[in-house]
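Consider the two complexes below, in which chain A is the common component and chain B and chain C are the respective partners.
For the complex of A and B:
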């Protein structure tokens, strides 16, 4: 029943996405439906998609993680600093070994915040909204402390060349990484015990506990997963921009949550899918690009994106209500 | 029982953190202290400004007390201004993070008898500060238009990427650029897009514009995040060097990107001179000497092969 419901939602939201693409393609047929536009759209959505896959798990447990953008910055800062210190201060010319250590550092740094969030939520019993709001600020502060307030902007050029701008079989590597993460996430959520526990805890944590699921342990693992993925996203962002971009990523959390919820995952937990999240992430991304391509005035763009987001969810909700009343 | 002990430990930890941060961030008072409140922590532009201000303050027998907010955000800068006002320094040097929102807390400081000097950005209300020192941003934007025109042979469509609508400094650069661009009849202005200080948004703006206008000739980016993002967007599109990118400011990253060929020219301010003149005006006000209401230090165009200008105007990450 639950699975069916979320599948139907996914179909309707997918139709919205297709409709948007069709409209923009009709308005500007020379610019929108092109391989170039598709490629850059996918590359630019890759980082947010990785964050949103993790966010899907958290929201299905009826939790929330506001800290992802800051954890991303913290992980990319740790990674950049580690690579630079390995290469004697400037890692621009460093090789694959240094870049690999950088990846590990980013993953560990991200996962560490995840463990901390998970412990505070489950053991100290502070609500996830507050815990992750706290680490949203704290992780950014920690990143600024580590970098002494300045962006680190020396990153191995080989890593930028391969991960940031390279292709494998014509597919950008950024997109490949995001694709692998998405597929693994979908597999984990739908076919494994880990995924079933995630749904069970989101539906009713007390019931989950009574049937013998270790809720504490599982929630810590879920928050660790989202932290780990934020670390990976931080490494990807580092490869794309070649700098830690400390001033940015302030709304990554909201963008990821919006993508997940647009994709039909319930903020109350227990319902959701990775496929929905993928579509949910691409709706705002397509809108932003489409408005620039069709020449909508800059001030109208955020208004229009907001309107479409609310309209899409309203449409989805009223369909669900109509269905439930039948 | 156990829970209370845990709580006690937590409270102790929290208070330790508070005490530590308070020690680090406490504002200093006294007639010979000049509080320096830049727009944000850690930007090489403000660090270079602080270096210039610090040197000038030392020369004149004053101490500079830097109090940067974590982000370029009036809600973070306001409590700093209040704390500084309470500590009663000799004068305040500030880069207001909003032309309107920072008015109220700064008026409060003025009422407390502290002279205020605006550096870099300025309030809309001209009655609050005794002096404003900032780069002539419209003129800098104009320099950008001239440099871009030269690079693209005075023809083709160009795009402006600005930070947010409402940031007086960068908006003025964009305006100055658009104004000067009108002198080149064969160059078409595609308009201004805002990247909300996110490098990733700037990259999207560039690639989406390229999809609609494959003949895009040049881009003028008004600050660091827009330049970084634009460079990434061009690289994603495989158009690095082909589409000419003009950046504003000369942070180490931008200078390195220019040397690597991702950026073709930079319009640099002289933050150290802004900081030094700001201190001079503040001290003049304190000592009852005449104060210049408005000072506009010069800006320069730097290209990769101009080593001498580059060495002089590149921003620093530490003094």
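For the complex of A and C:
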């Protein structure tokens, strides 16, 4: 559908990803192209991928969500506190029932913050950049208040073992969850009416409104979806690290945006794909792993990502200009 | 023929601009009415009010003689009123079929449809039929329409309105960006739509076009209807005179 416009960027960026993998494999054939390295890379990228799938929807509507990392922390804090209080203060030995309630709490906490963002953007008509910048600070503050400024580091051991470290058929469960979210996200975006309206609103909100699409309702749903996924990501992070990580995740928002935009989704809205986002998320991840393995100083990674990002957006803009001059 | 849709004494301000000053208008079933007037006369504003995009500060809108409120474009569409807006109101990043069916998507049958999955194949086929009917030739049904020519985009907007209208179609300068052949096609379509009993309202600055296709002409000046003509009895000089005010108000036939 919107294939043509986004495909060109996506193909290019996929080539960049392949090229990076080839280069790192040639430089260090013993360490880079290995199953272990691939697993590590996938697990490290899983949480960010979940955030980025939600971010793809938001950016296609020509919106932005700077709050995902903080909402992630807020959700994981709510979840950890709920599980601990259910288990009388320390949930380490708690069972699957507690872990399940913890998941629900994380999802609800994330979604609720998403609804709030959506309402402020559509009903109060404050620009998404400002609303989610506010939420970026507020959700982190709320998480710190709830945890008295310190991390909660007791979570059910079973949850860590299954989701955090567990495998199914040799695939890490963290990766499986991210994979399922990605597939569902791709399905939702490309085959359903929800996805169609997401593109239409990003393309021309006034046109959408005039054909009777409830733009307000749809945008609230989109921001709720990102919030929900941030909640899920918070739960995954909790399982991965065994603790809330209040000092981490501060740049998740920028990493997610960078991944989405690298993948050919346009900040101007109306164009984008989940497949592109997957590639876009893995470019920084591959650079990180590759630099570690080849012994390049890690400080080069953000510089390299920054260069590719700016080049991708420049490409997108010149394409649009060429089209609009027709 | 009976009056199908009527506006009575509509008033609208935009800040200090008095865009509609008691504008009246009517269209019958099965007739083409040309709505003409100088730039800024309020034609587009009037159309936006009659298609539910905006609501008047005062005045009445009647459908089949009954007062109605058009609170949203959806209200108007439910009543069978469709519009080709001057700004087209299309989604440039979507393909032609997606635009034609925007807001009225066909879903798949069964469970997949209940999950919200679209039947893109069916929409493309039906869209193709509509485009063929209008003589819109598109090299590709999968190109985003933003990359088509202005004329093709305008034709798609016309096709969308015509495909769904059951009572009235408003067309705000639908031929402005068209070439000679496409323009003839659209005028042809206007006549055919009229012959099916639908009321067509055409806004155009092209006076020969107006006289050739319209049954009736209503003239708007400074937000008010100032004249009405039967197209068969009017000359271009009459129309221009009424638009500019040279003839004086209240000229009617």
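Criterion: the second predicted complex is superposed on the first by the 297 of 326 C-alpha atoms of A that agree within 3 Å, B and C clash if a C-alpha of one lies under 4 Å from a C-alpha of the other, contacts with A are read in each partner's own complex, and residues count from 1 in each chain.
Here, a contact is a pair of C-beta atoms (placed from the backbone, for glycine too) under 8 Å apart; a residue touches a chain by one contact, two chains touch by 3 or more.
In this text, all values refer to a predicted model and were calculated from it rather than measured experimentally.
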First (chain B), second (chain C), both or neither touched by A:311: neither
Chain B versus chain C as contact partner of A:140, first or second or both or neither: first
Which superposed partner A:130 touches (first chain B, second chain C, both, neither): neither
Chain B versus chain C as contact partner of A:206, first or second or both or neither: second
Contacts of A:194 with chain B and chain C, given as first, second, both or neither: second
Touched partner set for A:40, first chain B, second chain C, both or neither: first
When both partners are placed on the shared chain, which of chain B and chain C touches more of chain A: B
Touching partner for A:31 - first (chain B), second (chain C), both, neither: first
Residues of chain A defined as touching chain B within the complex: 28, 31-32, 34, 36-37, 39-40, 43-44, 47, 124, 140-141, 144, 147-151, 153-154, 164-165, 237, 240-243, 245-251, 285, 288-290, 292-295, 297-299
List of chain A residues in touch with chain C within their complex: 1-5, 191-194, 196, 199-200, 202-204, 206-213, 269-271, 323-324, 326
Residue ranges of chain B in contact with chain A within the complex: 6, 40-44, 47, 68, 70-72, 165, 191-194, 196-201, 203-205, 207-213, 224-225, 228-229, 232-233, 235-237, 252-253, 256, 317
Residues on chain C engaged by chain A in the complex (per definition of touch): 53, 72-74, 77, 83, 85, 87-95, 98, 102-105, 107, 115-118, 120, 142-144, 146-147, 149
